[in-house]
Structure formats: C-alpha cells, structure tokens
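In what comes next, subunit A is part of two complexes: it sits with subunit B in the first one and with subunit C in the second one.
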Partner chain A sequence: MTAGKNFRVGAAVFRIKTAEALQYNVAWLANSLVGTFWGLIEITVYTVFFTYANASYVQSAALTLAQTVSYVWLAQAFFVSNAMMGMDGEIVGKINSGDIGFELCRPMDLYTYWYAKIFGGRFAPLVWRGLPVLLVGMVLPASYRISGPASIGGLLLMIISMLAAMLLSVAFNMLLLSVRIGIAWGDGPVNMILLFAGVLSGGYLPLQLWPDFMQKFLLFQPFAGYMDIPLRFYVGSANMRDAWQILVQMGWTAIFILLGRAVMKSRLKSVVIQGG
Partner chain B sequence: MKKINTKGAGVFFSCDASGKKMPQIFLHGITKTFKVYERKKRGIITGAFFRNAKTVTALDGVGFEMDEGEMAGYIGPNGAGKSTTVKVISGILTPEAGECVIMGRVPWKRRAEHVAQIGVVFGQRSQLWWDVPAGDSFEMMRHIYNVPFESFKQRLAELTDVLDAGGLVKTPVRQLSLGQRMRCEIVASLLHRPKILFLDEPTIGLDAVSKLALREFLKNENKKHGTTMILTTHDMDDIKALCSRVLVIGRGKILYDGAMPELAKRYAPLRRLRASAKSAPAEGEIMIDGASSANFENGTLTVMFDPEKLKAHELVMRVSEKYSLNDIMIEEQNIDEIIAEMYREMNI
Partner chain C sequence: MNFNSALQYKGWWIMLLSVTFAVVTDPLGTVLLFSRFGSVGEWSVARIIMVYAMAVTSFGLAESFLRGFDYFPGHSIRTGNFDRMLLRPAPLFTQIAASYFHIHRLARPASGICAICWSFYAQGTIITPTVVAVVVCGLAGGFILYSGAFIFTSGVSFFTIKALDWIYLFTNASYQVTRCPVPYMPNALKNVFTFFMPMLLVSYYPASVACGWGEDTWKGWVALPAGILFLFASWLIWQTGLRHYKSTGS
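After this line comes the complex of A and B, so read on.
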C-alpha cells in the first residue's frame, strides 16, 4: 500500500465523515447552549475569585481576569479538542461486536481510516457548537465579553496550534482505541483516562493558574497541547518566541501515532472474531 | 493429494508440481478452534470468579476446491462453521492447520492484496454510511480499492442501470427501503470488479419481486464477468435458482459436495402425488400397493412413492381405480424438507 493511496483514502473518509457529522446541526446547536451556560457559570466563579482574593495574589497571577474570561469562552468554543469528546462510538461498537472483522475485508490501512474518520468528525462541532458560543461570548456585557486576540501573530499561532491540538487528541484517542481492540470491556478505564487528560489539558482550570512549581511539568506533559497551548497564544501569555510549544504538541502527536500503530498491529494479529 | 508449495510467505503460484492449473479456491484440511467460556454448574456469584474454558472446533478439516466462474451454495445449520469458513477465505481469520490458497495467495499472509480481489455482501450488515447518500460510499470504495476514475464511472453506470438504482444514489441510505438499500449494497460490493464474491444471506428480508430481481442479476453477473460466487443462505430457493453446486457443512466438516439434483436423489428419493378426490371410502391412512405411504384427508389424497420402484403412470392407474380424481399433481419433495432430512440423517 502506497502512501499516496493511503492519503487519498484518508481524504475520502475525512470528506464523507465531515459531511455526515455536519448533518447533526440541531444536536450540536443544543450542545452550544450547554457550552454557553457552562461558560457563564465559570466566568462568574472566576470573577468572584479575582475580586475577593488577596490583591497580591491577583497581581502575581499568570492570567488577568480578562484573559481568563477569554480563555473560558475559547475553551468552550473549541470543545472539540476537549479530551472528554471521547472515542468514536461507532468504532468502539465495531470493536465490541466484532464487526471490526469486516473492516479488515478492505484493502486499506485501518489506522489511517479510523484516524481520518475521527478527525473528520471533529469539524462539525467546531462549526455548530463553536461558532454560536463564540458569538454569544462577543455580544455579552464587557465584563463577560471575550477580548480580541493579543496580537495578529498570536491569533495565527493559535489557529495553527489548534489544528495541532486536534491532530494530537485524535492520535491519543487512536492509541486508546488500539488498546481496546480485542478487549471486550474497558469503557470505564478509558473514561477515567480521558477525565484525567481533560484535567491536564486545562479544560477545567487554565494550567497557568496552577501552582508555579508545577508549571514546567504542565507545559511539557502531552495534554497541555489539547487546549492550553493554543489558548496561550490567543490571550497573549505566549508570544512569537514561544512558537516552539507547537513542536511539543507535534512531538507528542508523533509519539502517540507510532505507539498506536504498533499496538494496533500487534492487536490485529491476535484478534479473534468469534460468532456468526 | 495435490502438492502445494507454500514456501516463502504466500507467494504467487498458479500451478502445482505437475504443471496442472490450480483451482481458483483451494482449501485443504482447514481446522479452527475457538475458546468458549461457560459458567460452572452452581452459583451466580462463583461464576464471577471461576469459569470453564471449553474448546469448540468450528472447522474440522474443511477442504474443497472451486474453479473460476462457479456458483456454489454453502449451506448448513446455524453454528455449523459457515461464517468461519468465509472468514478464513477472506483472510480475517488464521486457521490452526490446513492449507488455503485463493488465486495463488494465502489469504491471511497477503491480506491486503487478497481482499482487493474479493467482494462481500452481508445481508444483515451494511457497508454503506448510514447518514449520507450511497453515492458518497461508492466514492469512498473507489479510493479504497484504487479504481481508476473512468473505469469507476463506467462500472457504476453499468451496475446502477442493471439494478435500477440510478435514482437511489443521492438519497441518504437511512431513507432507503431494505430492497433499495440491498441494491446499493450490491453495487458497492461489485464496483471494484471482484473475482470472487461472497454473499451471506443476500435475500434476507426482501420481498418476492426484489428477490427474483436480485437472483436474476447475480446470474447475469456471473455469466457476463465470470465472477465466482459463494452463497451462504438458509433460503433454499436461492440455492435452487442460482447454484449448480452445493456444499453442506455440519459440525465443522464438509458432508456433501456436489450437484443439487444428486442431493435431492440421495436424501429425498420420494415423489409426492397430490390429488383431490370426490368419493372417499375412508379418511386417514390408506393402503396403495407399491407406495411408501398414503393418506386421505379433507378431500385431498397424498401419496409418497419412489419412482424407481413404482412408475408414475402405474400409480395413477392404481389410485384412479379406487377414487374418482378431479385433478392430479406430482411434485418433488420441497427443498427445505430435503435439507431438514439430510441434517437429521447426518445428525448435525
């Protein structure tokens, strides 16, 4: 199988999955309401903290209140790369039911196929859930409103980094999926791992508001690349000189892809498709 | 027994040692076992901690050969090993023992190349994307099977024309009826011009018209393109309409391999005479010389007889001496009865 063919299959899957997922507009619009509501609550809580905390803490905090507000809106809008987006239900279903066997009846690289499928599924929520949340974030009263990007360069870096974040989160999900092949249970442990990843991605509390001594670790662990690194570029706590952080995202992506492929290969060798 | 050279991880070869052409499908002594767990006799709670592992032999030395362009029915009761055989032939299961060479390749050793040459239709599963038009799925098949665009266009036009599916290509699959979806499934399976096609209960759930149309299509496709077809089904009319050859599997072994009429002769040698009669001397069991059994119920006379022993015209004469017959009909035993009889006799 040539790389060229692999790419064409991937592109075709991406296209069809994107087209499919975009049809669920009402479901995602409803979802954006949840996102908006959640965002408002978070902002209220942060406002309370920033207002009533010891002034010296507020002074020394890595993010200002305005930056945090922007962070919250963007985290909701880019929910697609949130770790809790979880695994592709259809693929998990195929693993559980053994229908995975019929995917093997095709002359294609299963890893590429699934990867492209999950990746394709991520664009619909970006459009249907992300844009409405962003719109709400832009029209609210000043103290609840999202601020503009710190700089044009920062905005560009965020877009590139966001793309890298999606590649990274899909690569990690593929690793989990590969481990799941041949195991008839495992939704529980997988959800725990995803929750853990979610916390470490800054989805619950921006990583820069965590204690100082943890900052180095937090920046280099794989899940910062899900959300925190892209948003740093937007709110301006990272600038052009920090562009190398995108390389951290890409490095982890490469590691997860290599691992996922290796695991999948060995799993498929031993997998037994039982029953009619 | 044929000598097969399987050295060098599933290499291509088309001749055996004597230079004779290899059959397109060659299976010999294929054995596959599965591990099945079962709960011990007592206890719901102990069952959570202890269980017995049992080895089930799904295939026990299965072997047959098929040439290009053959259409064979592969039948057997549930759990006989039909799907397992198909999985071995399609390269997604590796057997523990035995040889399998399809078109010069060992399927599970060269899976990607192998599956590019085969097509599968599963009546109970869909290979189409549910929420998008079938045309999108076809387009994806084109990329997966690397079909050149011109060839794809031509083939798609041909298939949609014959299957009358042209108007279905742009409708989301979830909104198609079962018959319409099935036609699209067939298109999807044949777009890449497979040399071998597996059909697993392709007519399940279809209405009479769709069934007949599908059979007609498969017959023509086989004639026109020489596609080898293996049909697994419980619908014996499918077999009767399509297959010149039947393979019967039971308990993981091939029990019968031959023509359908032979099978009928062996397991259902009797013919059935049905007649409606006006006058009836007695209801229930009656005696007719030379017939295996006979009875008269509700104005219908049913006689089972062996045409080898008792010629039909003699039987009719004997019957009409006793009864005044309105009409008369002689038929073969129903194919489902034959198969049921065979399963019973073979104890499978």
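After this line comes the complex of A and C, so read on.
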C-alpha cells in the first residue's frame, strides 16, 4: 500500500471518529464540572503557597502566581486529552475478545487505522470538557481568573505545540497498545505507566516548579511534550527562542511511532486467533 | 468468594502495586511544592501528609468494603441485575456491598496507615492512648462518612440511571481538599467541607487534636457523630430512591 493512500484512509477514519466522538457530549460536560472543581482546589493550594511561604522562595520560583493559575486552567482543559486519556476501550476490548482478527482483515494498515481512530477520539474531550472549563476560568474573580496569553507568538506556538502534543501522546498510546496485543492481564502495568506519564507531563505540578536540579531532565523526557511544553508558550515561561522545544516533542513522536510499528509487526506475527 | 476469585488472576499483585503507586503519586505535587517553597507558617510536609493520610485511609476502607455500591449504577442498575437482587431472599444491603470486592483496593488504606505512622514519627508526636483513640475514632467516622457517600451516589442513580461523573465530587475528588493547609483555606471552602460535606471533620480535626496543632479538643471527637449523621442522611436518600425504583429491564 502506498503512503499516500495510507494517509487518505487514515484521514477518513479520523474524520468519522471525530464526528462520532463529538456526539457524546453530556458525559463530558458533567466531567467538566469535576475539572472545574479540581482547578479551584489546585488554585487555592497554590495561592496559599505563593502568599504565605517565605518571600525569597516565591521570588526565585520560575512561575508567578498568575502564570500558575493560567497553567492550572489550561491543564484542566488539556489534561484529559493527553495524559489522563486511557487506552481506547474499544480497541482493548477487541484485543481481549479476539475481534482483532476482523481488524486484520481490513484492507488497510492496522497501525494507521488505530492511530487515526485514537487521534480522532481526542478532540471530543477537548471541546466538551476543555472549553467549558476554560469558560469558567475566564469569568471567575480576578485572583482565580485565567490570564491572556503572554504574546500572540506564544499563543500560536502553543497551538502548534498542542497539536504536536496530541500526536505524541497518541503515538505513545499506540506503543502501549502494540505491547498489549497478546497480554491478557495488562491493565495494571498500563495504568501505572499512564499515571507515571501524567505526573511527568506536569499535571500534578507544573514541571518548572519541580526542584531545579531536575529541570534539564524534565524538559527532555518524553512526557513534558504531553502538556508542559505547550503551556510554557502560553504563560510565557518559554518564548520564541524556545520554539525548538517543539522539535523535542516531534522527535519523541517519531521514536514512539517507529517503536510501535516494530512491536506491532512482531506481535502480529505470533498472534493466534482462537475460535471459529 | 470474590476475594478468592480475584487471587486467581496472576496479575492481581500488579494491580495492588498500581493502586499503591496511585496513592503515592497523588500527594506528590504538594510534597514537591513544599520542597520548592519551604514550609507555610507552621505547616510542613508531615502535617499535610497526616491530614491527607487520614482521608485516604478512611476513603480506602469504605471503598474496599462497599465497592459494590460504587459500581452499583453502572453494573447493577443499568444492566437490570438489580431486579434479580430484589428477588433473592437475602438482605439487599449485603448483596450490593458484596457484589464486588477488589483486593487491590486494600492498598489504599494500608499505605494510608503507613503514612500516618510516618507523620507521627516526623513530627515527634508522643503517642498516648488518647492520640490513638482520636485517630481511630476519626478513621471510623471517615469510614462511615465515605460509606454514606457511596450509598448516597447509588441512591441518586435510581433517578439518573447512569452514574454521572459529577458524583466523583463526593467520592474521589473530595479528599483532594485535604491537600490545602486548613488554617489558610478560604472560609467558604472550609465551611462547605465542614458542614455540608464533612470531609475536614474526619481528617483535619482529629489529626489536629492528635498531634496538638491547637484546635479545640472536642472538635477531634466530632468525626464519629458527623459520619453517622451523614450516613443516616444518605440512607434516607437511598430509601427514597428505592421506593421510586422502576426496573430498567423490559
């Protein structure tokens, strides 16, 4: 199959899946309430620290309180789309039930098909959970409100970086899925890895507030690209000169895709479909 | 029976590990914040861990023993399994509570208790029988309170059929509140979680009295009555729901 056709098929799957996922709005809207609540508590905690802690520590922190507040809201809006989004239940179900046999019969590349499908599913939470949370973040009293982007350039870089982040997180998920083919009890380790990724993506604490000696490592590990790097551009703790960080995201994406394809290929060779 | 069946899956200890991992990572953000900003007034890592551990332990206990109620909306109401339960000659409550039991859920209370012990050690608290009594009483109150929260959500699901995500506000999300040093908490938040949803009564106040952070002693003992009161209110909601129950089956 040519790469061009592969891409066209993938794009079609992506369109269908996006449209389908967008139908499930009520559940996500309810979920956004939880996100809002979560955001409020996080902001309260940060406010307490920024206000009452030793002033010299506060001044030496890489982010200001206003930047952290914006970070929290954006993180709530994006977190589900990348870090917290588990494996695609439908696909895992197919692996567990043996329906993967049908998938293999389709006249298209399985990796591309699943990749497009998962990627398409990522936009619904962004719209239905992310936007309401952001709206709430915009109308709250000043100390809880999200600030505007640091600059127009920063906003543009964030949008580009956000797309890169989604491609990256889907690529990593595909790697996990490929490993998962042929293992019946894989939910535990997979959950652990996803949680690990969530922590390292900055979802629990903006990475720039982690201890200083870890900063180099934190920036170059793959999961910073899930969320932290895009948000740095928005809040202005990274500027135009740091645009190369998007290349870090793309590099990891390429690595995960190559690995994922290789693992899937070797797994599918040995997979045995039972039943008739 | 559920306990034994869970042990048959060879991955069960990995699940145990993964829950433990979740419990450890949860307060990680706050711990790192302390390492960045130093302590806030009198508040150190040990104190936050203490309050958080109280909440997590009691939540974990309730979750372990009433898992069935947690799954109730999705697994029993929506599938129509509940109709079958109504026909069986056994108490409804026991049936639901025992319909699922996940061993790996016990990891949460276990690590919570370890954290409480560590926190006592780190603060140099002198452990007297009174201290133990306050903590145990707080945990018991918390267990009852969170049990009430599960029953409450199940009761609501008679009307909504689907488990709605906002219900997590009352269960999983609520103990996140304990991450904030209470004396610095905005009053509105503090009041909501003291009087409406008494999470702080079962975590902060007993912890405060046990370690001597200067709250009035009687407040440490309110946990148990508050838990029972909350459970009673939840029970009423559950009963109302039950009376209005119309099968989802055909």
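The rule is short, and it goes like this: the second predicted complex is superposed on the first by the 272 of 276 C-alpha atoms of A that agree within 3 Å, B and C clash if a C-alpha of one lies under 4 Å from a C-alpha of the other, contacts with A are read in each partner's own complex, and residues count from 1 in each chain.
What we mean here is this: a residue touches a chain if its C-beta (ideal position, glycine included) is under 8 Å from a C-beta of that chain, and two chains touch if they have at least 3 such contacts.
For clarity, every value in this text was computed on a predicted model and none was experimentally measured.
Partners subunit B and subunit C, brought together by superposition on subunit A, fit side by side with no clash. In the superposed model, A:204 lies in contact with subunit C only, and not with subunit B.
In the superposition on chain A, A:23 makes contact with subunit B only, while subunit C stays out of contact range. When both complexes are overlaid on chain A, the residue A:191 reaches subunit C alone and has no touch with subunit B.
Of the two partner chains, neither subunit B nor subunit C is touched by A:218. Applying the stated contact rule after C-alpha superposition, one finds that A:37 touches subunit C and leaves subunit B untouched.
Rounded in steps of 10, the angle subunit B-subunit A-subunit C defined by Cα centres in the superposition reads 90°. Comparing subunit B with subunit C, more residues of subunit A are touched by C.
Closest C-alpha contact of subunit B with subunit C, superposed model: 6 Å. Counting contacts by the rule stated earlier, no residue of subunit A appears in both its interface with subunit B and its interface with subunit C.
Residues of subunit C touching subunit A in their complex: 9-11, 14-15, 17-18, 21-22, 25, 28-30, 32-33, 35-41, 162, 164-166, 168-169, 173, 176-177, 179-181, 184-186, 189. On subunit A, the positions that touch subunit B within their shared complex are 1, 5, 8-9, 11-13, 15-16, 19-20, 23, 99, 101-102, 104-108, 272-276. Across the complex, subunit B meets subunit A through its residues 34, 78-79, 82-83, 87, 90-93, 111-113, 115-116, 118, 120, 122, 125, 127, 129, 131-132, 136-137, 139-140, 142-146. Those residues of subunit A that touch subunit C in the complex are listed here as 27, 30-31, 33-34, 37-38, 41, 44-46, 48-54, 57-58, 61, 185-189, 191-192, 195-196, 199, 204-205, 209-211.
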